[in-house]
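Okay, so here's the structure we're looking at.
Lettered A, B, C, D, E and F in written order, each chain numbered from 1.
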Amino acid sequence: MSDINLLPVVAIAVPLLASVLILLVGRYENIREGVTITAAVAMLGTVLAMLPSILSGSRITISLLPMVPGGDFALRVDAFGMVFALTAATLWLLNSFYAIGYMRARREHAQTRFYFCFAVAIAAAVGIAFSENLLTLFIFYEILTIITYPLVVHIETPEAMRAGRKYLAYLLVGGVFLLAALVLTYILTGTTTFVPGGFLAGSGSTIVLQVLFLLFMVGFVKAAWMPLHGWLPAAMIAPTPVSAFLHAVAVVTAGVFGIVRIAGWVYGMDLMASLGLGTLLALIASFTIITASLFALTEDNLKLRLAYSTVSQLSYILLGVSMLSIAGMTGAMAHIPIHAFLKITLFFVAGAVIVSTGKEYISEMKGIGRNMPVTALMFAAAAIGICGLPPLSGIISKIYLAVGAVEGGMPVLLLVLIASAVLNAAYFFPVIYTMMLERPDDEFSLAAVSEPPLTMLIPIILTVAISILIFFYPAMPFMDLIDIAIAEITGSVIP
Amino acid sequence: MIWELDFALLLFMIFCAIAAITVRDLLHATIILSAYSLIMAVIWSEMNAVDVAFTEAAVGAGITTVLFIAAIARTGRRSSD
Amino acid sequence: MIESFYELFFARYNYWMAIILMLIGLYALIAKQNLVKKLIGLNIFQTAIFLFYISLGEVRGGTAPIYLPEGVDALYVNPLPHVLILTAIVVGVSVTAVGLSLIVRIHEEYGVIDEAGLLQELRRR
Amino acid sequence: MRRNVIIKTVSRFLVPFIQVYALYVIVHGALGAGGGFQGGVVFAASFILMIIAFGLTCVRERFGYRWIVMLSALGITIYATIGLLCLIPGGNYLEYGSIEAALGIPHLHGYLIDAVEIGIGMTVMAIMTSIIYDMGDTGGESP
Amino acid sequence: MTLIDHLPVFLIAIPILASLLILVAGWWDRRLCYPISLVTILSQFGAAVIILAQVMREGTVRYYLGGWAPPLGIELAIDSFNGFILTTILLLSAAAVIYARRSVEHEVGPEKTIAFYVLFQLLVTGLVGMTITGDIFNLYVFLEISSIAAYALIASARKPRSYLASFNYLILGSIAGGFILIGTGNLYAATGALNMLDISRLLPASFELATVHAGFLFLVIGYSIKAAFFPLHIWLPDAYAESPSAVTILISTVMSKVSVYALFRIIFTIFTTAYIVDVFPVTGFILFIATVAMIAGAVIAIAQSDLKRMLAYSSVSQIGYIMFALGVANQVALEGGILHILGHAVMKGCLFMVAGLIIYRVGTSRLSDLGGIAKVMPISCAAFALAGASMIGIPPTIGFMSKYYLVLGALEAGHWLYAAILLLGSLLAVGYIWRFIEIAYFRDGRDRGSGAARTLEAPASMLAPMVALALLCLFLGIFVEGLMEIVGPAASLLLGGA
Amino acid sequence: MKLKALLAVAFIGIILFWAAGDLPAFGDPEAPATRYTGKLYVDLALSDIGVENIVAAILASYRGFDTLGEVVVIFTAGISVALLLRRGGRL
């Protein structure tokens, strides 16, 4: 076993180790947060160290220990997993700085618990990315569910507890469905190891496979597709770094990541098409995109509006999968990092506003752009990116999706894309307008407001910068990785 | 063995059992239980189970009764049913 | 007719009686309110089971399982149930003793030893 | 409480007989009806008679809890240890035959059974007496 | 014959002598009870591990007591199944006895220490005897030893309610004992044998007799009462909730498991699958009841306001999971069931230990009085969370693994609906586990002046076994494959394989 | 309660009577129990053990382990009663 084989283990072990250290040194704030940052850097380094070999087309597989029939506990790093892992690792680093600023500025309680859970959550997220089979994925998936619960109920108010119960109910029920799907897959095929291009073909009757897919869909309720999205707005009661990182990146992306994995590595696109699952997925995705956008329009709480926006945007990924075409799949995969970078910016800004002004409702944010110009500008930039306008990365995935819609023979989906873009603009531009152009009702209320601390501001700027970088240099590393992944699942040679 | 005698004893035992659980005075019930055990011992010895009969006579009719009486002395002999 | 009557009755009347006794004991064990009565029922129940066992070991025309002097040919009854029941009797008296001491304790704590009264006491506290 | 003189006299007369009979029952177990358990119970019955005649406290002073603990433990120890002794000549637990074969004494098997019965009798007697003490003790301190 | 060959009987004979030693030595000095008890149970555990290794190496270990081979004598038979159970129960007993020290001082009182340890030792011995005996009547004898010891131990809390709980248990336990005796008698009448293998060999000839069916029913009902299988669980909540913590741990983890073991043994070894599938088809019925038990137990547990009572009802539910395996009766499900015997013992032991710690420190186990307790008892509550996660079935804990096997087995047998109910029903565990977690971690206890605010973590002798069990929940789950090397053969053994 | 008890007892009674119908006839020397182990003990006890009382032979030797258990049961009961009832004292 060469050294590189151990890297995926290291990538997961680093945050776990950090979480233990955090618990141990919890009393000393600076050391505790130093541990977090160090671990984030170390993990990003580990992931980056694996990047060259993945880009060269190889895969890293390591089987850790046998567990139950239905899969060993095994890790495998492939191009698609790398996309997720790289996104998560980068954003964890940025988010750590942001969280330190946010938590200190807000003087939040139980910060040790916060950092501990955060570290375990990122380990679980990376574990999902690097899972070699359904069982491993399920294990990390459930750990992610449980460990994010304390983050959601962080403020411990009765309202938060209610939200937490809702969160737990949705995700654990989802987990049960996923387990059912996992067992069923094992019963049908005798394996749950992901195979590029799928391994389910011919293992069961049409109806069984269709039901199985539905089980998987409910299982990946973390993807927040409608009407099973209820947990995501509820989870917005969490502190903003949690909302930003987990509920824009790690948790929800784990959901869509799972669905893409299922589509590409368990079912395979041909089987999906022959089962008519593309249409089903397209229906769900279109419904979610439009409805969630409408929900977002009416929502006054900024974080909730962003949450609905997330629900809507995640379904772009499902939409891409549903097209069952190379371009659609590419768009879907590309949307994972692109959306993550843009949406985290928006949440960062929402948190910055809360820290600086304590305001959560859009109608109260009139004119804060005057006192926090950089923050507001970054919000505008990220919003533009989400809407799919250059020079931010959002447009890349949208173009692929549009091509995919045509290629996949579902031009009607183009309409969905266009309608959604319009709706995106409709719910984001009023916010930008309110922030930057409107005058505050009460001039004095904003007197003490200023830009958030630098530990928060810099991550915001960096995420926007990365989004712009992705627009100009899409190939490195995300599109290259995605090309490899697509080549894997379609069976064509690696370009 | 003589089945008529056997049968009569068994019938009497059933009578004793019913009496033991219906009599309201616990002390009486205990004595009836003791009689029940003794008859049981007789039946067993008649069935050639001498060891068991001996034991039942010593334990069922002896020790158990004493224990019951001791307990009743400490709790009260009236029973509602 | 006579044959079947014999089959039904004479061949197994010991079992019938044992079962009836078991049921009487079991009924007292479940339904009687007074805790001492329950233990009396328990004793009846157990003794009836012992009767059932001893009946299993009986052999028509047999003698007690103690060897007769050599040369005397005898049919002995099955000794194994006797052994089992000797053990079971001990178990029975042990359970009775523990049950009675529990009753004494319950009486000390609550002042009553019938279920209705105990329920009342529990509700009162 | 004054106790009836007749009962006292009769029991003083009877108790030794009962106890001798109990010993007889214990050792006679191998030959006919009887055995350690029955004998132990009969022995305990003699104590019951004494309790009835002389009162609990009086009997307990003669035959106290220390005796009960010792005898009950000793009884089971005899049983279990004889069982363990059977391992020395290479037999299984409780395989009296192995000792008989090793020592070459005829009928040792039967004697060992008698020894075991005595152990049983001791424990049963002690424990039965203990139970009767505890059940009959209606308050007041005990030694 | 080396000494190693006699280990099976040492497992019983030495502890009996040890209990006498506890009595005599304790009479001399009370402080000697605990160390003697500890050393005995630990050495029993060591012996169990050695025997298990031997069984895995050489196959079933048989020990003829008195040198009399069956059908004349009694044999101790240890195969991979009861070797596994034996190790499990002794592991938990060891944990319980370590934990017992402070619990006894606190809940039983110094003057009852000797009797407590003697009975504790006898209870463990009785259960060990039940586990390793190969004779169906001997099983009954050891069952009664453990039952009588358990009645007294439950009452040793010396609270008024504990006497009542103990008496109720005594009544139901005696009914169970009587049924077991009747069942044994019926089997004896039908076959003339008492040795389990012997019965199982002779039984097929009289499979059609009503006597055999009745024997089956009585044995199953009897042991179901002892195992608290729904709806025969009515003694359980009081008995668990009112007894001293150390006793609760022992009877909830070890005693119920041994009864379940006996049930498995009777159904699979004596009657064999051929009987319960073809001759007297009860598996469907058992499966149904087990499913009802899982759901009902969990639902009632959610409605409880007392931590110990809640955990007690959770046991009713979890016994349902084990019986589920019995109802499915195929290799994979049985593996899950056997795994769950271990898993449930470990996690429920840990949970009850936490409850006991809370009683030890706070003095109550009412849920409403425990707000914010995690702040003052962080280690205990973390252990609760870990064991609770296992109870819910969060991977990679042992609770998940057993559930996984159960579902897999149910699906393999084609019980789609039951598998679905099991999966969804397992979520009900979240309902009660999470109630405590929420209260302990996320509810502020600051408004309460006394109570939790001044309490601290418990002494090490209580903390250590608890933490060990909590970590065991995790490690057993992660390294479940090693466990399967024992569980797999055990399950196939039950199904009649080698 | 009474009705429930009656129902339970009736249920058990039905099983018992049903089972008794298939029991070997009372005193039947050809019953499985008598024919198998019963005969074995009767035939072997004297030569194996050398005591006249077969019951004692089985009790103390063949099934000696049961008897050990029996003694332990009574010992357990004694300690239990002491635990429950004894005031003061060392136990």
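Methods note: a contact is a pair of C-beta atoms (placed from the backbone, for glycine too) under 8 Å apart; a residue touches a chain by one contact, two chains touch by 3 or more.
Computed from a predicted structure; not experimentally measured.
Common partners of subunit A and subunit D, by the touch rule above, are E.
C-beta contact counts were set side by side for B-C and C-E; B-C has more.
Taking each chain's centre as the mean of its CA atoms, A is the chain most distant from subunit D. Nearest to the common centre of all protein CA atoms is the CA centroid of chain E. Among the remaining chains, the Cα-based centre furthest from that of subunit E is the centre of A. Between the CA-based centres of subunit E and subunit F the separation comes to 26 Å, rounded to the whole angstrom. Per-chain CA centroids place subunit A at a distance of 44 Å from subunit E.
Here the CA centre of subunit B is 37 Å from the CA centre of subunit E.
Among the residues of subunit A, none is in touch with two or more other chains. For subunit C, residues touching at least two other chains, in rising order: 10, 13-14, 22, 26-27, 30, 55-58, 62, 64-66, 77, 80-82, 84, 86-87, 90-91, 93-95, 97-98, 100-105. Counting only residues that touch two or more partner chains, subunit E has 13, 16, 23, 27, 65-66, 137, 141, 144, 148, 151-152, 155, 182, 188-189, 194.
Taken together, the subunit E residues at the contact with subunit C in this complex read 137, 140-141, 144, 147-148, 151-152, 155, 160-161, 163-164, 166-167, 170-171, 174-175, 177-178, 181-182, 185, 188-189, 194.
On the subunit B side of its complex with subunit C, the touching residues are 3, 6-7, 10-11, 13-14, 17-18, 20-21, 26, 29-30, 33, 36-37, 40, 43-44, 47-52, 55-56, 59-60, 63-64, 67-68, 70-72, 74-76, 79-81.
Residue ranges on subunit C touching subunit B, taken from their complex, read 10, 13-14, 17, 20-21, 24-25, 27-28, 32-34, 36-37, 39-41, 43-44, 47-48, 50-51, 54-55, 57-58, 62-66, 77, 81-82, 85-86, 89-90, 92-93, 96-97, 100-101, 103-104, 107, 113-114, 116-117.
On the side of subunit D, the complex with subunit B involves touching residues 32-35, 37-38, 41-42, 44-45, 48, 128, 131-132, 135-136, 138. Against subunit C, the residues of subunit F that register as touching in their complex are 1-2, 4-6, 8-9, 12-13, 16-17, 20-21, 23-29, 31, 33-34, 37-38, 41-42, 45-46, 52-55, 58-59, 63, 66-67, 69-70, 73-74, 76-78, 80-81, 84-85.
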